[in-house]
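Input: one structure, supplied below.
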Amino acid sequence: MKMLRVGRWITAIGLVLLAGIYVRALAYTPIEASQGLAQKIFYLHVPAAIWAESAMILVGLASIFYLFTKDPRLDRFAAASAEVGAVFCAVVLTTGPIWGKPIWGTWWTWDARLTFTLFLFLLYVGYLLLRSAVTEPATRARFAAVLGICGMCEVPFIHLSVYMFPTLHPMPIVLQPGRPKLPGSMLETWALSLGVFTLLYVGFVVQRYALSYLREQLEAAGEVGHA
Amino acid sequence: MRSPDLLRHAWAVAAKDLLVEFRSRTAILSVAVFVVLVLVVFNSARDPTAVSNVDLAPSILWVTFTFAAILALNRAFQIELENQALEGLLLAPIDRSSIYLGKLIANLVFVATIELIGVPLLALFFNVQVLPFLLPLIAVIALATVGFVAVGTLFSAMTVRTRFAELLLPVLLLPFMIPPLSWAVLATGRLLAGRPLSETLGWLNMLAVYDFVFVVLAVLLFPATVNE
Amino acid sequence: MRSPDLLRHAWAVAAKDLLVEFRSRTAILSVAVFVVLVLVVFNSARDPTAVSNVDLAPSILWVTFTFAAILALNRAFQIELENQALEGLLLAPIDRSSIYLGKLIANLVFVATIELIGVPLLALFFNVQVLPFLLPLIAVIALATVGFVAVGTLFSAMTVRTRFAELLLPVLLLPFMIPPLSWAVLATGRLLAGRPLSETLGWLNMLAVYDFVFVVLAVLLFPATVNE
Amino acid sequence: MLRAEALRHSFGAVRALDDVSFSVQPGQTLAVFGPNGAGKTTLLKVLAGLIQPQRGRAQVDGGRRAIGWIGHQPQLYAQLTVRENLRFWASLYDVTPPGELLARLGLEEHADRPVRALSRGLVQRVAIARALTHDPTVLLLDEPFTGLDRVAAEALSRLLGQHTAAGRATVLVTHNVEEGTGLATDVAFMRAGRFVHFAPRAGRGPEQVGEEYRDAIA
Amino acid sequence: MLRAEALRHSFGAVRALDDVSFSVQPGQTLAVFGPNGAGKTTLLKVLAGLIQPQRGRAQVDGGRRAIGWIGHQPQLYAQLTVRENLRFWASLYDVTPPGELLARLGLEEHADRPVRALSRGLVQRVAIARALTHDPTVLLLDEPFTGLDRVAAEALSRLLGQHTAAGRATVLVTHNVEEGTGLATDVAFMRAGRFVHFAPRAGRGPEQVGEEYRDAIA
């Protein structure tokens, strides 16, 4: 199917560009003074984190519109976005500890940002579990939409959690009210890698969307064949 | 639909639920003993020399309430499944939101009963002072309970019709319970440690915002969980 | 009744239970997430600065297993109530003890699965070493689990036909769970603290005796709980 | 009063409704006969709005308030007494349960017993009372005679007759061709999700309908 | 084959069985008729040993292995398929489920569907298959025709006829006097826990039995 191929291409391009970003990051961007090389993981960690949260917002928005229009495409998009969001969330949850070990001296602590990110991941897992636990497509879509909207409303609480708890994790640097405080070339590299992650997000979502569309077609065909 | 109707029907649903619960005369007794046992488990399941009481009290209080709430939530829709009474409710010419509100009221009464029994027991078993901070403590408990019971009632309406509802419900629910729960634990900890009230006001505000967002959301979204 | 028959029928009952559980494909995954959530709740519900990890790990491990076991036990007889299949089992020309044994096997498999997932997660989250003590730890867990699942299966056969089974079961069960549980917690604590194995042997012996007494008792008493 | 337009619904690979269209006017009673698994229950659930059909449209004048429903399950709370159950369901319709209904269904002496202690036939009577408390104008009945003894079955027939005479619409699903034909003004045969016959009864007796049914299904 | 001696049983204040004695010999089919709440289900449960009567004694030759039971509830696991259910129940009786039973009950095409997805009548057929897999010599049947369509009801009648011809004993509870009398060699009327009539059918037709029943109950 065409869409699936398009999605694969976008993903492939994204992955190549990501490699490029790291060449740039390692070779041409200054080494952060206090953290050394470990800071390089920043370019993986932060864009992934931003997309992990944005994907949930997009799930929620698609869900709201789904409840009004009952358009199955929106449901399919929400499912695809949740799967990709779960992957990005997993990336954050692996890069974070890898970064944390040299900086904090521990893989994991139970501070608010880390815990809430873990729960964002579990929210994705729950969303996908719920989808697999309901077999009837219309019911599945409605239940998933309800959970998706609730999940969307949960994201601001997670994002702001650093302000509410004493935490080891850095305060927002880029996505904060006021001006970003980041040296120019780091900011540039960061912006590029955010762009690449956007590409990856789109590529993955297009693929998952196409796959679930194909599966539905197959189910429908099986039904006709049987009757 | 006019809103007095909404409330009247919600109350009818809640009153019926509470009557069903009340019919089994063992209910209150069981809940009481249940709380006692959970507290005892926590006490005897830890090495008494290693950890001090006051530090653990808030966590144990809230873990107890959480589990009790999950049990209660599961029951709420189980009652309706027994003889397909849920279909009857869905056929009735009432606003679907009133089914949700009714279930919410019944669950709140149920969980509040547990908490009413749990707090004095906790004070007794862990030898912590609660009387001086009673009002703010009640405020914390009430706000946190409303938040997670509201979301929980919404989700239990969905999971009850899936297999493994008992396991799926906590999976879906706990990400939403963690924020109010952690605020509540921190606030309770401050209160029991005798810190000034102003330190907990921030948590109370957060709890109130959370409650507001999710109660409104739940009332709006509930119809989507029951329309077939 | 010859004993090969007893075991064959017990296995038939257990296999059917496990098949029913397995049919919902989400089962194992849900259990895994459930364990994660319980562990996380314990962690985030406490003030991270106040209590150290290694002291709490055994208690949390055992409280988690306890709650998971109670959920599992409730399911065991709930399955039989749905279409009055329990009456069918009672009508079948099989020794009533084989119904009990079958349920026991199914419950043990279920709880063992949870534990298999829970222990590595605990090691991961609490940053405690389990590999050096793996064998004795498995022995402690196995012995304690058999003890309380044996009693729990017996009691769930009784409470399932009362309302509020979910609340009544722990009420009856926990007094019997407290002894093996507290031995298991103490033994686990010693193990994780790296103390010599000889220190835990006493607990292991106690657990083994407890298991023996209650499994025999439960097999003998079960017929009395189901005869109408 | 009641209209179904090109209803289609499948459960996975099983087609439960396959292009069913009909309408029932006030004063009509449509008896639907069909083998097990033909889709009769599914049809009633779609008419009641309990299942959203995948294609087509079902409409009942007066909406949910107008519907009286008797299904395969009694929709009662086993822990509550008969009276409490009826009072609860009536309160959702903003009415008070008519007292004489209990008497007509022979439930008076059981009114204060919990439903879980009643025998199957008594429970079915309570389910009938439940469905009729709010004086519905459209009745959707799925094998309502199940478990009833003679006296109760006759009482139900009489109730349904009065209901039709008062200008209400009924859809009645049953496997008992005799009972069904006796009450029907219209007859439909259903097979594999389709109406294979749908016509006014027009004076046909149970034997004739039964024979036609046998032929249509075979 | 089957003996009941002075059975008495009360649920609280309700006397469900009040001094019931009878016996059924091989080749006999006892049809029990009675109004709702008369105690028919209670009688069958006592015979099967599911309820210990407060007075009296029930005895079945051959014990539990000899009994085939169809009750108000199907006693099936909703998540398992038809075949899996039958295989499980058969394994408790140390037999393998006879394949032709599925065919005779028209269940072949549904054999691999989970029971929860079946319609009421199909579930009832599975319950019948379940009760007959181990070739029981005493059948206790509580309204076994419930929800069955014509074809299935005829298949069941034929099965029961063969069963009786093969020298087995049956107790059949039903509200359908016609169906019940057709299969019966003996007839009993039950009211308020008592047998008010118990005699061989002796060539009486359904009309005559129906009339006598009406008189006995009134």
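Each chain gets a letter, A, B, C, D and E, in the order it is written, and its residues are counted from 1.
The definition used in the following text is that contacts are C-beta pairs under 8 Å (C-beta built on N, C-alpha and C of every residue); 3 or more make two chains touch, one makes a residue touch a chain.
Note that this is a predicted model, so its numbers are computed, not measured.
J.: State the smallest step count from chain A to chain B, taking one step as a move to a touching chain.
T.: Shortest path length, in steps: 1.
J.: If you apply the touch rule, which chains end up adjacent to both chain A and chain D?
T.: B
J.: Starting at chain A, find the fewest moves between touching chains needed to arrive at chain E.
T.: When the steps are counted carefully, the minimum from chain A to chain E is 2.
J.: Would you kindly say which chain has the C-alpha centre located farthest from the C-alpha centre of chain B?
T.: Most distant chain from chain B: E.
J.: Using C-alpha centres only, name the chain that sits farthest from chain A.
T.: Measuring from the centre of chain A, the most distant chain centre belongs to E.
J.: Cα centroid separation between chain B and chain E, in whole Å?
T.: Centre separation, chain B to chain E: 47 Å.
J.: Cα centroid separation between chain B and chain C, in whole Å?
T.: Taking the mean C-alpha position of each chain, the two centres sit 26 Å apart.
J.: Centroid of chain A to centroid of chain C, CA atoms only: how many Å?
T.: The answer is 37 Å.
J.: Measure off the straight-line distance from the CA centroid of chain C to the CA centroid of chain E, and report it in whole Å.
T.: Computed from C-alpha means, the inter-chain centre distance equals 40 Å.
J.: For chain B, what residues touch not just one other chain but two or more?
T.: 23-24, 163-164, 168, 171, 174, 178, 182, 186, 227-228
J.: For chain D, write out the residues touching at least two other chains, lowest number first.
T.: 12, 52, 72, 79
J.: Among the residues of chain A, pick out those that touch two or more other chains and give their numbers.
T.: In chain A, residues 115, 119, 122, 125-126, 129, 133, 138 touch at least two other chains, as defined above.
J.: In their shared complex, at which residues does chain D touch chain B?
T.: Its residues touching chain B are 48-52, 63-65, 67, 69, 71-80, 84, 88-89, 91-94, 114, 130.
J.: Can you list the residues on chain C that touch chain E in the complex?
T.: So the residues of chain C touching chain E come out as 5, 9, 12-13, 16, 19-20, 23-24, 79, 82-85, 87-94, 227-228.
J.: Could you pull out which chain E residues touch chain D in their complex?
T.: Contact set of chain E toward chain D: 11-12, 14, 34-37, 41, 72, 106, 110, 117-122, 124-125, 143, 146-153, 175, 177, 213-214, 217.
J.: In their complex, what parts of chain C are in touch with chain A?
T.: For this pair, the touching residues of chain C are 24-26, 29-30, 33, 36-37, 40, 43-44, 48, 125, 127.
J.: Mind listing the chain A positions that touch chain B in their complex?
T.: 67, 112, 115-116, 119-120, 122-123, 125-126, 129-130, 133-134, 138-139, 142-143, 145-147, 149-151, 153-154, 157-158, 161, 164-165
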